[in-house]
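Here you go, one structure.
In order of appearance the chains are A, B, C and D, and numbering begins at 1 in each one.
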Amino acid sequence: MGFYIGRGRKARQAFGFDEVAIVPGRVTINPEETDTTWRLRDMEFTVPILAAAMDGVVDTAMAVEMSKLGGIGVLNLEGVQTRYEDPDEVLGRIAGATPEEVTHHIQELYKPEIKEELVGKRVKAIKSRGGTAAVSATPARAERLGRLAEEAGADIFVVQSTVATIDHVSTTYPTLDLQTFIDSMSIPVIVGNCVTYDVALDLMEAGAEAVLVGVGPGAACTTRGVLGLGVPQVTATVDAAAARDFHQKRTGTYVPIITDGGMDTGGDVCKAFASGADAVMIGSAMARAKEAPGRGYHWGMSTPHGDLPRGARVKTGTGGTLKEILLGPARTDDGTQNFLGAIKTCMGSVGAKNIFEMQHAELIIAPSIRSEGKLMQRAQGVGMWR
Amino acid sequence: MGFYIGRGRKARQAFGFDEVAIVPGRVTINPEETDTTWRLRDMEFTVPILAAAMDGVVDTAMAVEMSKLGGIGVLNLEGVQTRYEDPDEVLGRIAGATPEEVTHHIQELYKPEIKEELVGKRVKAIKSRGGTAAVSATPARAERLGRLAEEAGADIFVVQSTVATIDHVSTTYPTLDLQTFIDSMSIPVIVGNCVTYDVALDLMEAGAEAVLVGVGPGAACTTRGVLGLGVPQVTATVDAAAARDFHQKRTGTYVPIITDGGMDTGGDVCKAFASGADAVMIGSAMARAKEAPGRGYHWGMSTPHGDLPRGARVKTGTGGTLKEILLGPARTDDGTQNFLGAIKTCMGSVGAKNIFEMQHAELIIAPSIRSEGKLMQRAQGVGMWR
Amino acid sequence: MGFYIGRGRKARQAFGFDEVAIVPGRVTINPEETDTTWRLRDMEFTVPILAAAMDGVVDTAMAVEMSKLGGIGVLNLEGVQTRYEDPDEVLGRIAGATPEEVTHHIQELYKPEIKEELVGKRVKAIKSRGGTAAVSATPARAERLGRLAEEAGADIFVVQSTVATIDHVSTTYPTLDLQTFIDSMSIPVIVGNCVTYDVALDLMEAGAEAVLVGVGPGAACTTRGVLGLGVPQVTATVDAAAARDFHQKRTGTYVPIITDGGMDTGGDVCKAFASGADAVMIGSAMARAKEAPGRGYHWGMSTPHGDLPRGARVKTGTGGTLKEILLGPARTDDGTQNFLGAIKTCMGSVGAKNIFEMQHAELIIAPSIRSEGKLMQRAQGVGMWR
Amino acid sequence: MGFYIGRGRKARQAFGFDEVAIVPGRVTINPEETDTTWRLRDMEFTVPILAAAMDGVVDTAMAVEMSKLGGIGVLNLEGVQTRYEDPDEVLGRIAGATPEEVTHHIQELYKPEIKEELVGKRVKAIKSRGGTAAVSATPARAERLGRLAEEAGADIFVVQSTVATIDHVSTTYPTLDLQTFIDSMSIPVIVGNCVTYDVALDLMEAGAEAVLVGVGPGAACTTRGVLGLGVPQVTATVDAAAARDFHQKRTGTYVPIITDGGMDTGGDVCKAFASGADAVMIGSAMARAKEAPGRGYHWGMSTPHGDLPRGARVKTGTGGTLKEILLGPARTDDGTQNFLGAIKTCMGSVGAKNIFEMQHAELIIAPSIRSEGKLMQRAQGVGMWR
């Protein structure tokens, strides 16, 4: 397992969505009769998709709408929603900024302190309209914001950092004791992101009730370009799923894994499930919803790094309502709408009655990108299929 | 056989046309003396090419013309040909629609019910002009349309769905019992599409007299993008050919396999045969014929999926007469004309006297696409060969 | 050796120039002191480069100039040089034709019969000015044209077809008995093209004094696109070199192999030698010489195939004198000039004193094309090296 | 270890930066607490980055600035700095030349003889302002220029050629006896460039106190295109690191290796360290500093090769101050600024306290370039991450 990349040094080969495909099954099922439900503690969700905790993707209205459609929208507790009484105005300024000024603008707009009273206010805004209140913070602020969220009635708390571990070393600032923190919380805590078997297992043993999988997914991820860091999502998901299955065998507890990032199309999402995911977290594709707070724009981490920014504002455009994107009907044939329809049709084609069966669909290594040149050629008029 | 794509999970490597090449033989043959005939029950066809059952590719006139040239044109029984008394007018409207309105247009134009009396009418139109009447339906309508086609004198019936199996599970609608259906038909039934050894064998055992091979062939296929589903055509064809050979060993019956989709050039077609195909089914390249009903356009499945469309209208342009495309003379050097000439010249170069020998030509793994960059560079004036 | 491409079917992996690189040696040599001489029977050539037998590349003047510089220019005996008393006028018309009319023009211009008296005239024109008269024909005309060339005093005869074998089967036309033909010729006969160990050995055993290697080299070769046929040049050259070495071991006779086609840059040429070549044959890069008859254009085979053309006219432009292209000084840094300088510098860097040592330079698999994306990025201003 | 590239011939697979990624660790560290120091004899440098010895990258002011920031700027002793009393005027002319005339201009401007008195003058200019005086020469001039540099008080001497060995054969010019030369120098001598275990070990045994690693790194390097020569940097670095570790085991002496070339982003730099580098040498990215002498341009070797140029003038543009590029804060998110921040953040993410630990970070094979097509697609508005 692994190739020599030089004298005395081996490296595993890792695979991303572009490099695999799902093999149709010997038995097929009516897609309408497939079950896509996933569970988190005692909660059930019919749509196994979470909208990412990014300011251009989820505000309270979006969280409510995601809930109504069967999914989850995670609200970022360290962004404009908790720094501003009226985040809409700020979101409008980011959307309206010129490309030249936007990075500086964002850095400035994220400088005001988090207003703790707004944490509860946002949670309640979601709850009052019947939504699932899922909120996120970084490890540094998890204890404080977690407490506030819990008190306000949040349903799910997410502790998210680019690279999560149970062991972060620093002599200059206090670090989060993840197990103690999770034990102290009455609501389920999702932790991430990780990409290896060992860390996924560590997080599960520390009590995470779901684990986010994904660091530097895909070439376009700036973490990969800026830091060289990352593991393609198929391998990361397969490895985390192996940790989940081992953890269940040892403890009896099933900790769902959520593949986070790198999925542009229904095909990518289906491959995440075939790799072993229980649910997926999506950013850009959700930012394209008419309901998304980003007004057709999407930008990076909650607290932009002052010295080493990773993730500028990107124009996603708006491509349909959230309902069309999640449940269809799709009005495009490029796989960016009706994600649930894609999941169900794919499950039908491989004969998977539910997500657990879908996790065992056969994958093949089938590089799509090698045909890219051909694709371009065809795009000039030779035809898109057959 | 297979690589680890993560902990405890292996995947086979699959290959497409772009990734292989055919090795010239030690003996060569005068191309004029190679025999490209293939057989279906008691019928013989000198040109091993079928035009795909798509509304932009085959109407009754095209089916007749394909027959005259030695091939087969399959008429779609669930498209405009059976929904409209005068399909030409409808085809004209699709060709004339703007890109913005075309998807909606197509969805609307395919809503009228199938007029059963038109099934017989179309079959007879082909037969009366001496053509081979090959017609197709999806499994849901196979029994009804199959009966009508047979009664009208059709020669070949094709049951085609994106992913075919002998076992489709649904509690809400009746499913086709393939074996019973085929047994009840007096004319040969071709079934597809499949991409694995097991399903190809299942279909053969159910009585299919030919099997269509191809799901999501190539990056451009929207099934691959939207659902993540597919197996590249070289591997799919090799596997189906292995099923065919095993089936013949066990039962004495030779069931031809027809590679369907993903072939743009003569080179791709030659590789399909070298992978084990008995015949090929082609869409886009046939849609470019002056005789094609699509008027330079090509579009997807017979019954567009209302919720999850896969296959918008694509401009193919028109690039020669059907005769030039099938038999030459080619007026271009890009491999999109004179497919039979390409097959015969390639057979001559590998020393294959007939299709059976061609199925054993040596293939090598020889990624063409990696040189794409170089190609572009050259296209700017350095020369196309040498 | 080989990968499974499907059930029960293995294929070797083949490699082209873009996929390998040459490893610098432990000892280096002053490039000026390397020896690039190669030998054909009793002739020695200091520049191991042949200009291809194509009408846009070699006329009698170009053949003389190639000789003076130390190489060989092969004159095509089945093109405009032997069909027209005044080929220059015809070459001018091809260069002057519009892109739309050029294919038809070429087909028409190659229709007049070969004038046998011109064969001797062209050979003598080369000899009278002190050039090496190397002339080529296809197998069908080899006996007739070979006799005429020999009588006129030609030095080398080349029998060249897309795919050469010693065994070509036809019941409708007489085929060339290669061994008998070569035995009957008093001058050395070069035969090609081949890409496998077996055929290279067959040709050597039939008496070929050098063997041309290359079928469908690279993605840009239309033989690969139109027929699917070809073996990348590194593997083809390594295999033919193995045949050469085995043949020498068995018979004591060393038959040089000439890698033909697919080389755009000095780097490609160096890799051909490191793969085992004794000499290389180059088309496009030579067509760019100011002295080339093509006037900045280059086109395909001597007798264009009426039904299945492979190789249209391509604009190469003119990029320096033949001397600059062969021996330098290079005025560009893209590797398209001073091929001999590149060969000698590379030989110095790997510590190869002569071509035989260069044939054993270490190659690594080092895909250059994967960085193509990066390349483009950089081309927009980030820098070309470091 | 190795694949067959043809009959009887194996080749190792080599890897470049684009083909690997770094796996996050099980323990993470506060980036601020990581130590990036590297040592050369008794000198310590907090920033493990050297600016390349190229005229567009380093002049005396740049060398001083690099030193102040914790790194090293290497001054080329065979370029405009020692050929002209006033190099600024010459640098301005190169920057101002049109693309057509620049190659000829550079060839002319590098013709004047090296003025030996300027060697000492440049060294003193660096020393007098508190900089580390690191200067470079080719092997041919190393003895003469090394002596002059040493006398003037230089701190480090670099002997650099495209392909370095301890054994260069020539009968027409004297060759450098590297060991004798190094023994005779009182200051540390860095030697390069090499890419193999054997040569790296040879150089270390000859007394080099650091070894430069890199020949033809990446597709854009003209050495690879013009000569076919090169080894991708990950494999070259891993191999050289193995030589370093073996040399230390045998002799007790630790000879740092410096990966030189092919790094465009922080990610590439991080991968060099994860491959085993102690420091990196960077050209283009440093040429983009406002302080760089090239005025937004960058060009090749000190003494341009008259017959076979490799490395024309390239426009890099200017993209921030040297401080921003080296230490941040980055004002872009493309990885071209704050290299030290990237190194420290990556070290934190893999849990490496210092460079030695970073050299053992896990690498995976994870082709980024395959997603290039996807990248382009997304760049048109779908979003850059998630």
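The rule is simple: contacts are C-beta pairs under 8 Å (C-beta built on N, C-alpha and C of every residue); 3 or more make two chains touch, one makes a residue touch a chain.
Keep in mind that this is a model prediction, so the values were computed, not measured.
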item	value
Rotation angle (°) superposing Cα atoms of chain B on chain C, nearest 5	90
Of all other chains, the one whose Cα centre sits farthest from chain B	D
Same-residue or different-residue interface between chain A and chain B, half as cut-off	different
Approximate Å spacing (C-alpha centroids) for the pair chain A, chain D	38
Inter-chain centre distance, chain A versus chain C - centres from mean C-alpha coordinates, in Å	54
Residues within chain A bordering two or more other chains	12-14, 235, 367, 369-370, 372, 375
Pairwise chain contacts under the document criterion	A-B, A-D, B-C, C-D
Residue numbers on chain D that touch chain A, as the complex places them	1, 12-15, 17, 20-30, 32-33, 197, 234-239, 241-242, 265-271, 274-276, 328-335, 338, 341-342, 345-346, 349-351, 362-375, 377-378, 381-386
Footprint of chain A on chain B - complex, ascending	3-9, 11-14, 16, 18-19, 52, 54, 103, 162-163, 165, 167-173, 194-196, 198-199, 202, 215-216, 218-232, 235, 260-262, 264, 282-285, 287-288, 298, 300, 306-312, 314-317, 336, 367, 369-370, 372, 375
